[in-house]
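The next block holds one structure in the form of structure tokens; read it before the comments.
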Amino acid sequence: MPDMDLEARIRSVFDRQQMLKTLDARLIKVSAGEVQIEMPFQRELTQQHGFIHAGAITTLIDNACGYAAYTVIPPQGSILTIEFKVNFIAPAKGEKFIAVGRAIKSGRTLTICSGEAFAIERGESKLVALMQATMMNLDK
Amino acid sequence: MPDMDLEARIRSVFDRQQMLKTLDARLIKVSAGEVQIEMPFQRELTQQHGFIHAGAITTLIDNACGYAAYTVIPPQGSILTIEFKVNFIAPAKGEKFIAVGRAIKSGRTLTICSGEAFAIERGESKLVALMQATMMNLDK
Amino acid sequence: MPDMDLEARIRSVFDRQQMLKTLDARLIKVSAGEVQIEMPFQRELTQQHGFIHAGAITTLIDNACGYAAYTVIPPQGSILTIEFKVNFIAPAKGEKFIAVGRAIKSGRTLTICSGEAFAIERGESKLVALMQATMMNLDK
Amino acid sequence: MPDMDLEARIRSVFDRQQMLKTLDARLIKVSAGEVQIEMPFQRELTQQHGFIHAGAITTLIDNACGYAAYTVIPPQGSILTIEFKVNFIAPAKGEKFIAVGRAIKSGRTLTICSGEAFAIERGESKLVALMQATMMNLDK
């Protein structure tokens, strides 16, 4: 049975992020330790070759990782991105993009996350970026 | 005397990036090895606390670093972001934001860059993020 | 059937690395896309609390990643570490340490790798560090 | 006037790190926000081409950064490396190597550092690696 409280809490933070509206992003999966976020192709987010900009892909994965961290900390806590590192592996070319964030290890102060972004084109999924991130667990 | 050709080339790539229009970003400095980009505060780019989203700040610094790399490679070349790592040091709170990108070392295939983002609030400038990036030099 | 040529090539580079002798490291697994390296606890590699130094753990994972990259490039090629990022997740406390390196994606010029280090203590294995690395594929 | 207490505290931690003895490293500068560490070339630390291994260079910079963080936190505190990212810019070829660590920003919980390693060969100094690191400030 999905933890509706968890999902509701995450959705409430998600909905207050204007940047995610700008990306037209939506939560597609919330489970303990893993979150998935999807966004469609949008011309407004492209770079000079017409693919999605590395910065938009990064924003998507950062959020998937941040929300994955939310799923493993106490309910009253919140999450702050301390730092991340991203490798861009293939051009972000597709109709939509899915970021998967996973909490690898959560301690008292920090949660280490791993994230991926996939481009979906004609039903095929391709890895386009890989992230390793450090999140801070705040008490409120 | 500024290298107008260099600036014109960079401006031409800059203008083809829709993502930079979405950020309302503009080039404010182009010199050999250093580029500065500025963007105003925009509600559309905020996170849940009303500050600029880490992803938007990252996009700004990534571009400053990428264009800094452009300034140190042959004129016909172009630049691709291979990877970057960003530390978020303070909340991106301010009226405008300036990213500074510097090419630290450029080889045949790669250019290593260092970048910073500053928030400007009531005339005060504050470091909000620090990037270290690897760019690939493409022949065309 | 294991590719003995591949393993022999990797072992030959491994044996020429004095740093790996200093770590008393040995190859324990070589397969297409994955390499494992083991090292025992050694007082010479400790930090001030008596645990293995982050630098020694990093060296171990860097090598596991580099050799994993070797397994996916043409036989005459060689590998150079361009950059890596490591998170230290738990103290490196144990009798021995195993690094696992995996090639995630290999292109013409670069191979992106992911690596982990585990501490083994009384038969229990614990994740102590996580790496994301960029390797360059050289022609010879 | 140098802060002898600060230097003495740092030297005391330094001397308890066996790994630094293995590198034959020594503190050459301690000031508020900046530490320098030097090590000679040693065959025991080389990779297959006879240059110093990326892992040994990383260890040196990590320590310079960690001690730089020590210089900006309260006297009773200690420092733990959370994560770092290193770019390897040129082969570590030389008679000796100097790592410079700088504390860029120190907050209540974290200190962000920037580090460089230089190879010294026939009196010439060359940048060989660049680090960006996150350190945790512990109360004791």
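In this document, chain identifiers A, B, C and D correspond to the written order of the chains, with residue numbering beginning at 1 in each.
Basically, contacts are C-beta pairs under 8 Å (C-beta built on N, C-alpha and C of every residue); 3 or more make two chains touch, one makes a residue touch a chain.
Bear in mind the structure is a predicted one, so any value in this text is a computation, not a measurement.
Looking at A-D and A-C side by side, the one with more C-beta contacts is A-C. The chain with its Cα centre farthest from the Cα centre of subunit D is A.
If each chain is reduced to the centroid of its CA atoms, subunit A and subunit C end up 28 Å from each other.
Centres computed as Cα averages put subunit A at a distance of 22 Å from subunit B.
Look at where the CA atoms of subunit A average out and do the same for subunit D: the two points lie 34 Å apart.
Subunit D has residues 82-83, 85, 87, 134 in contact with two or more other chains.
Those residues of subunit B that touch subunit D in the shared complex are 85, 87, 89-90, 104-105, 112, 114, 127, 130-132, 134. Considering their complex, residues 82-83, 85, 109-110, 134, 136 of subunit D touch subunit A.
For subunit D in complex with subunit C, the residues that touch the partner chain are 13, 16-19, 21-22, 43-48, 53-56, 58-60, 62-63, 80-88.
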